[in-house]
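Multiple structures follow.
Next come two complexes, and both contain chain A; in the first it sits with chain B, in the second with chain C.
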Partner chain A sequence: MTRMPYYPGCTLKTKAQNYDLSTRAVFRELGIDLVELPRWNCCGAVFSLVTDDLLRQVAPITNLIRVQELQGTDSVDDPRLVVPCAMCFNVLKRANARMKDNPEDLKKINDFLYLESQPYRGEVQIIHTLELLKEISAKRIKEQVKFPLLGLKVSPYYGCNLLRPKDVAIDNPENPTLLEDFTQALGAEVVFNNRRLRCCGSYQTVSEKGLVADLVYDIIMGAARAGADLIITACPLCSFNLDWRQKEAMEAHSDHKLIPVIYYTELMALALGIGNGFGGEHFVDPQPLLQKFLEKEKGGI
Partner chain B sequence: MNERFLRIKRIVLGPRNREFSKKVEELSGETVNLCEQCGTCSGSCPMVGEMDITPSFMMRMVQLGEEEVLESKTFWICASCYTCSVRCPRGIDPAKVAEALRQIKLRAALDFLDISKITEEEAKILPQIALVAALRKFTG
Partner chain C sequence: MTQDLIPIYIYSRKYYVPEGSTIITALEYLGFKLKKGVGCKEGFCGACASLYRLKGDYKLKGGLGCQTVVQPEMQIVQIPFVPAPKAVYKIEELQPDPEIFVRYYPELYRCLSCNTCTKICPQELQVMDFVQAAVRGDFEQVANLSFDCIMCGLCSARCPAEITQFNVAMLARRIYGKYLMKKSTFLEQRLKEIESGKYEEGYRELMSLSQEELKNRYFQREIDFQIT
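And now, the complex of A and B:
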């Protein structure tokens, strides 16, 4: 077992518990024990884009000091910080890069955080769970598949925060293949949705529900035209919008086709035979589809 | 090049316009004058249909230091998806310009989001990152 520092973030502890639980279970199965950072705090969810806002970098940097503290103990083997939430990943990685590129900013932040046990040294490396899966390799994942997802048509959806801007991108920002590669490794059929990189509306969902519902309609219908049974995401906010805003999309568009949305880790857990019971709240319930599939699989063995 | 031609083509901003343009440049850290109005940002923006002016129009107004851009809803509709940022052939990040415009409004205590309008039903289902992100983007 390789032990690695792990930052779940607020949403994975509450509305997206199914993402947190399935991530931990999948990595345990693949030989990685995710060690939750002690005393982590909210990262701020969106990276501040103006130049004079150093105070807004305090929250992410405090978390990176927690990583240093954890590295100082004997509880992790691989020092890199693993982050599953796409929004947290974007914020932490960009805040980290800002500190690395601007020693003056780093000094100011450290002066401000003088009560911390140690200053931030700017050396923490941040890795997204999908990047870690790529390191583990699709081949190894394929070897561990117990129930190949034969015949299941899966449409990967990337959203924004994992691919843009370029300096944080975990894959080619215009033509990524990470999610497709390992969906194939699970035995499922990948269907191509040309809206897979399109913004889902993000935080506009709080005040502009109708606008987000239109974007979601466009994305879901793209997947429907490609013949998808299921959509997989890596972001709790994409997941929420794509799932729950189908209610408004359905009301506004009579031809809307409901498609369930789950996290890629839940799909993996299913194929690796570690379970289907991670809970999670849904508008479009994925269980009928997944249950039907599991029964067919088990019946065939 | 012909001296006379250069003189005719030059656009000179008044002090007030220059000051506004400079303010946005400083806040965003982006050189807005690099924009050549190719429209790639407007063509790539998933939100453009909901905006009153296109992202490239917004860039042009900032270049010219037209403060009226602050009355547009374009930069509030922007969801910081960074599609324009990765595609701009001049290497400008229009998402940062939109953030600077939001900040100018928010720092004048003009919030865009009224949290009392979020219904109880919505508050129950919205994920934390949606609320934190919206509050950071839309309130000062």
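And now, the complex of A and C:
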């Protein structure tokens, strides 16, 4: 087992526990033990673009100090910080880059954080779970697959946070293939949705449900036209919007087609034969579809 | 025996007080009538929160007036009370769900993780850590980390996100105590025994004893119970 520092983030501890649990489970299966950072705090939720309000950068940087602290013990083998949540990943990585580019800012923040055991040195590397899967290689994942998801038509959805701005992108921001390669490795059929990079509406979902429902309608219908059975995401907010705003989309558009949305790690758990028991609330229930594959695992079909 | 006097500043005015005084004893020595901002004088009640700065140090520090020993040239002010919203709820109607923080203390989610609360806490609690635990709905963690909070209010007075950490923590501890903490089977069993009258006779006997006999019994008692 390779032990790596792991930052789950607040949403994975509350509304998206299924993403947290499935992530830990699949990586354990691949020989990686994700060690939750001690005393982590909220990443800041949105990367602040305000250049003269450094206080907004304190939250992500404090977490990176926690990584240094963990690296100083013998509880991790690979020092890189693994982050599954697309939002947290984006915030942490951008804050980290800002500190590297602006030593003055880093010094100010370190002066402010005088209670900490050590200053942030600006050297922590942050890696998204999908990047880590790529590193592990599609070949290796394929070998681990116990129940290839043959016949399942999966539409990968990226959203914004994993690919923009391009400096922190985990793949080519215009033409990513990470999720597609991954889906293929699981034996499923990749369905190309030309709306896969569109914004899901993000936090507008709180105050502008209608606007988000229209965006979601457009994205889901793109997947539907391509013949998708299922959409996979790597972001709790994308996942929430794409799933729950289908309610409003359905009410506003009579031709809306309901498609279930799950995390790529949940799909992977199914293929690796480590089950389906990660919970999670859905508007469009993925279970009827997933059950078919579970029965196959039990030797049914 | 003479005691050295040292200069301190109270509300910006210079006074001389005996070395080794606490803030409260210094105020009493100077003849201030303390109607607010003082309580148990034992470091437990949280009524005497004070802010101070030491000579040559830019840091604004917090402490309990009854526990903080004055130093030469120290500038002091007392903060007897911090205005704070306090949620009114019926605990029976709540659930151990993170949503209750959204409902009663939504400002909690403004936390910047700046740790200013932790810097000022006279109890040296990891205040920010329990605020963050509340953000992610970890009631047990909040309860454990905030257990020694005496609600002096300094964290809230300093917080740039205007959170009332101590009230958030109280709500979390109440929820934790009512719904999540492991219940003691021992207590339940003992209550049943009391209700069934098991100890009536023993009590009657104790009530009839003289003070001297009671003392003997007290010192000879066996402490034999287990808490599960």
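The working rule: the second predicted complex is superposed on the first by the 295 of 301 C-alpha atoms of A that agree within 3 Å, B and C clash if a C-alpha of one lies under 4 Å from a C-alpha of the other, contacts with A are read in each partner's own complex, and residues count from 1 in each chain.
In the analysis below, a contact is a pair of C-beta atoms (placed from the backbone, for glycine too) under 8 Å apart; a residue touches a chain by one contact, two chains touch by 3 or more.
Predicted model only: the values in this text are computed from it and were never measured.
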{"item": "Chain B versus chain C as contact partner of A:80, first or second or both or neither", "value": "neither"}
{"item": "Partner chain in contact with A:49 - chain B first, chain C second, else both or neither", "value": "first"}
{"item": "First, second, both or neither for A:58, with chain B first and chain C second", "value": "second"}
{"item": "Partner chain in contact with A:14 - chain B first, chain C second, else both or neither", "value": "both"}
{"item": "Chain A: partner with more touched residues, chain B or chain C", "value": "B"}
{"item": "Chain B versus chain C as contact partner of A:39, first or second or both or neither", "value": "second"}
{"item": "Touched partner set for A:282, first chain B, second chain C, both or neither", "value": "neither"}
{"item": "Which of chain B and chain C A:108 touches, first, second, both or neither", "value": "neither"}
{"item": "Shared chain A contacts, counted only where both chain B and chain C touch the same residue", "value": "10, 14, 42, 44, 56"}
{"item": "Partner chain A, residues of chain B touching it in the complex", "value": "26-29, 46-47, 50, 77, 79-83, 85-86, 93, 95-96, 99-100, 103, 112-113, 117-118, 122, 125-134, 136-138"}
{"item": "For the chain C and chain A complex, residues of the former touching the latter", "value": "98, 111-115, 118-119, 126, 128-129, 132, 135-138, 160"}
{"item": "For the chain A and chain B complex, residues of the former touching the latter", "value": "9-11, 14-16, 42, 44-46, 48-52, 56, 85, 87-88, 160, 163-166, 173-174, 197-199, 201-209, 211, 215, 236-237, 240, 244, 281"}
{"item": "Chain A residues within the chain C interface of the complex", "value": "10, 13-14, 39-42, 44, 55-56, 58-59, 62, 112-113, 115-116"}
